[in-house]
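Listed after this line are the structures, all set down as structure tokens.
Here come two complexes built around chain A, the first alongside chain B, the second alongside chain C.
And then the complex of A and B:
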């Protein structure tokens, strides 16, 4: 998960809603017009904006690390099928989008991001969508990704100690059981802190 | 005052609490008992997280069955595992979560968040991802999150169980220093010695209800 990097740059000060819209626009543009010059321009924009926001280069590159294998495979497949330009286009486009998305989360507090998303989803209320619930679901996802990763690591270690590291059942069942138990506790904790998803709509 | 009248609770066929009638008025009340004795279920009844299958629980006259939301504003709850209580990914954001739920204005949320962070030495970590805190810091954040909501009573369900000695001490000191009334479920008997009242649970009933100097040695004898 990408942590927020405090700062007072123009990128930090830009309203979260605008950042999300800009990200959506960039994604749409890059996929609607698959051109290498556009993809490279987006990549340069991501680098420029991250410098403007004072985000360390290693932190920006860390955004790409989880995608390194996928990027490598995509580039190799495109190289084999359509040549180097297509491979470069796919790599540059994906990297630019990941870096721009990373820049949004690195320069926006998650509470502000969720508030902006809730505001942006309010038009769906007549269709029965509760933006507050969507916002909380996103917040919980961000919060519990590292917790779930820690649980999975603990279970993997425990099963390795028992010589069961190759057993998918021995790995998944304890993780699922703990997650279910945890979800009960989290629901109780949210209740205990007076959460009311309908408060804003009243 | 918390009034418990002829309360029983069952999960399906399994009876967990039987016919409890108590008035909780003291400033510090401890709840002890063996595993499965019903103490955690009892704690959850006090702020309406669970409603009893028999009898009633009232907090200052409010029925937890009917007035659950109002009761939860009066009675805060700190869970055993802070990882399951911290809802938002960043320290200050999580602290503000409960305050936003109370519908407070933004400047009041900011003031109370700041105050609670400073009180527990978490101010320098305000923009820190919550999952990177130590176990003790997480529990202090959980306590701060409840405390900021200014409840009249705070219920703690084994708040020090998962902590090392140093963090246990920090959390115990934090609980000691609370201006609120507290009901604490714990296995840490030394921590409970200065409490006003101890309830010893056994098989869903209060087996002993007395001062710590009487109840704790009796509980130790009961468990040995």
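And then the complex of A and C:
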């Protein structure tokens, strides 16, 4: 997981919803006007903001590492086709967006992010999407990921005893079936506690 | 959606995230790493069905956009969607929904071949139809080059389709989840 870096900078205190919107705006802007000066400005802004938030340079560079070879290939292709300016533009734009996105994650607790998301989804209500249900689904998803990993480890152990640890089908089928059974139990348990997403809990 | 549907949606969103935990398999011939994650929409569509599967992948994409590091290799954030692979990721909910609709429609006479065909249509053809132009636009290379670059993933996709057919058929037999339309 990308760690949350605690702090009290203006970047940390900015409401999560506003940070996400700013990120979307920056991305749209950079793709609508593919200009080198804009991309470099965004890169500078990312560097400046991370400095302001007190994020170590090492952590920011770590955001770019998974992208390093994609960036290298992109730059080489662009260099060969359109000259160095186009290559620099693509690289600078991608790096700026990834850094800005990383900055949002590094300066926002995931609980705050989920709450902002649930609030930001209230416009979906007329379309028949209940934000409270989305909130429940998000919370369940985050809880299910470690549970799935634990069940997968158990099943792998059981299949190793049968000499089947290399068969993906023999690993996945029992995991999914067990999770489906568990889901029915969880749904029954939630209903048994009179869960009513239509009633506003606040 | 009933409570059971919500729990199913969360389960398949989590399953897609968990598939990202698998170490990427590197093909011996071409050396391109392939993640198991694109099996998420296929499994969600064939096991959870159209509405729940589509919602599960939409939820997954939403969480990735919000910055949770759920993509293979611990990546996340809007940078993923805006990056070269964004078109594929954004098509996952659509793929899961379309696969679900097609499977539900032919559930009574669903042979393994038919199911594989549905998976190729929804999980490969449909996603590449958006994914390849997206690469071309983001990386500013022409369509033919983007298509050629993506062709490296086809052997992996074929393997995934076979795996999902085997898994989905076994799971549905053990624990029926779908109703024929």
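Here, the second predicted complex is superposed on the first by the 129 of 202 C-alpha atoms of A that agree within 3 Å, B and C clash if a C-alpha of one lies under 4 Å from a C-alpha of the other, contacts with A are read in each partner's own complex, and residues count from 1 in each chain.
Methods note: a residue touches a chain if its C-beta (ideal position, glycine included) is under 8 Å from a C-beta of that chain, and two chains touch if they have at least 3 such contacts.
Every value quoted in this text rests on a predicted model; they were computed, and no experiment measured them.
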item: Partner chain(s) touched by A:109 [first = chain B, second = chain C, both, neither]; value: first
item: Which superposed partner A:6 touches (first chain B, second chain C, both, neither); value: first
item: Chain B versus chain C as contact partner of A:140, first or second or both or neither; value: both
item: Chain B versus chain C, judged by how many residues of chain A each one touches; value: C
item: Touched partner set for A:85, first chain B, second chain C, both or neither; value: neither
item: Which of chain B and chain C A:195 touches, first, second, both or neither; value: both
item: Common interface positions of chain A, toward chain B and toward chain C; value: 1, 110, 136, 140, 142, 147, 186, 190-191, 195
item: Contact set on chain B toward chain A in their complex; value: 44, 47, 49, 69, 72-73, 76-77, 79, 81, 83-90, 93-94, 96-98, 101-103, 127-131, 145-146, 149
item: Interfacial residue positions of chain A with respect to chain B in the complex; value: 1, 3-4, 6, 109-111, 136, 139-140, 142-143, 146-147, 150, 182, 185-186, 188-196, 199
item: Residue ranges of chain C touching chain A (in the complex, touch as defined); value: 1-4, 6-11, 13-15, 17-18, 21, 43, 47, 55, 59-60, 62-63, 66-70, 73-80, 82-84, 137-141, 145, 163, 166-167, 170-171, 174-175, 177
item: Touch list for chain A against partner chain C, complex; value: 1-2, 20, 23-24, 27, 31, 34, 66-67, 70, 74, 77-78, 81-82, 86, 90, 94, 97-98, 100-102, 104-105, 108, 110, 113-114, 117, 133-134, 136-138, 140-142, 144-145, 147-149, 152, 168-169, 172-173, 176-177, 179-181, 183-184, 186-187, 190-191, 195
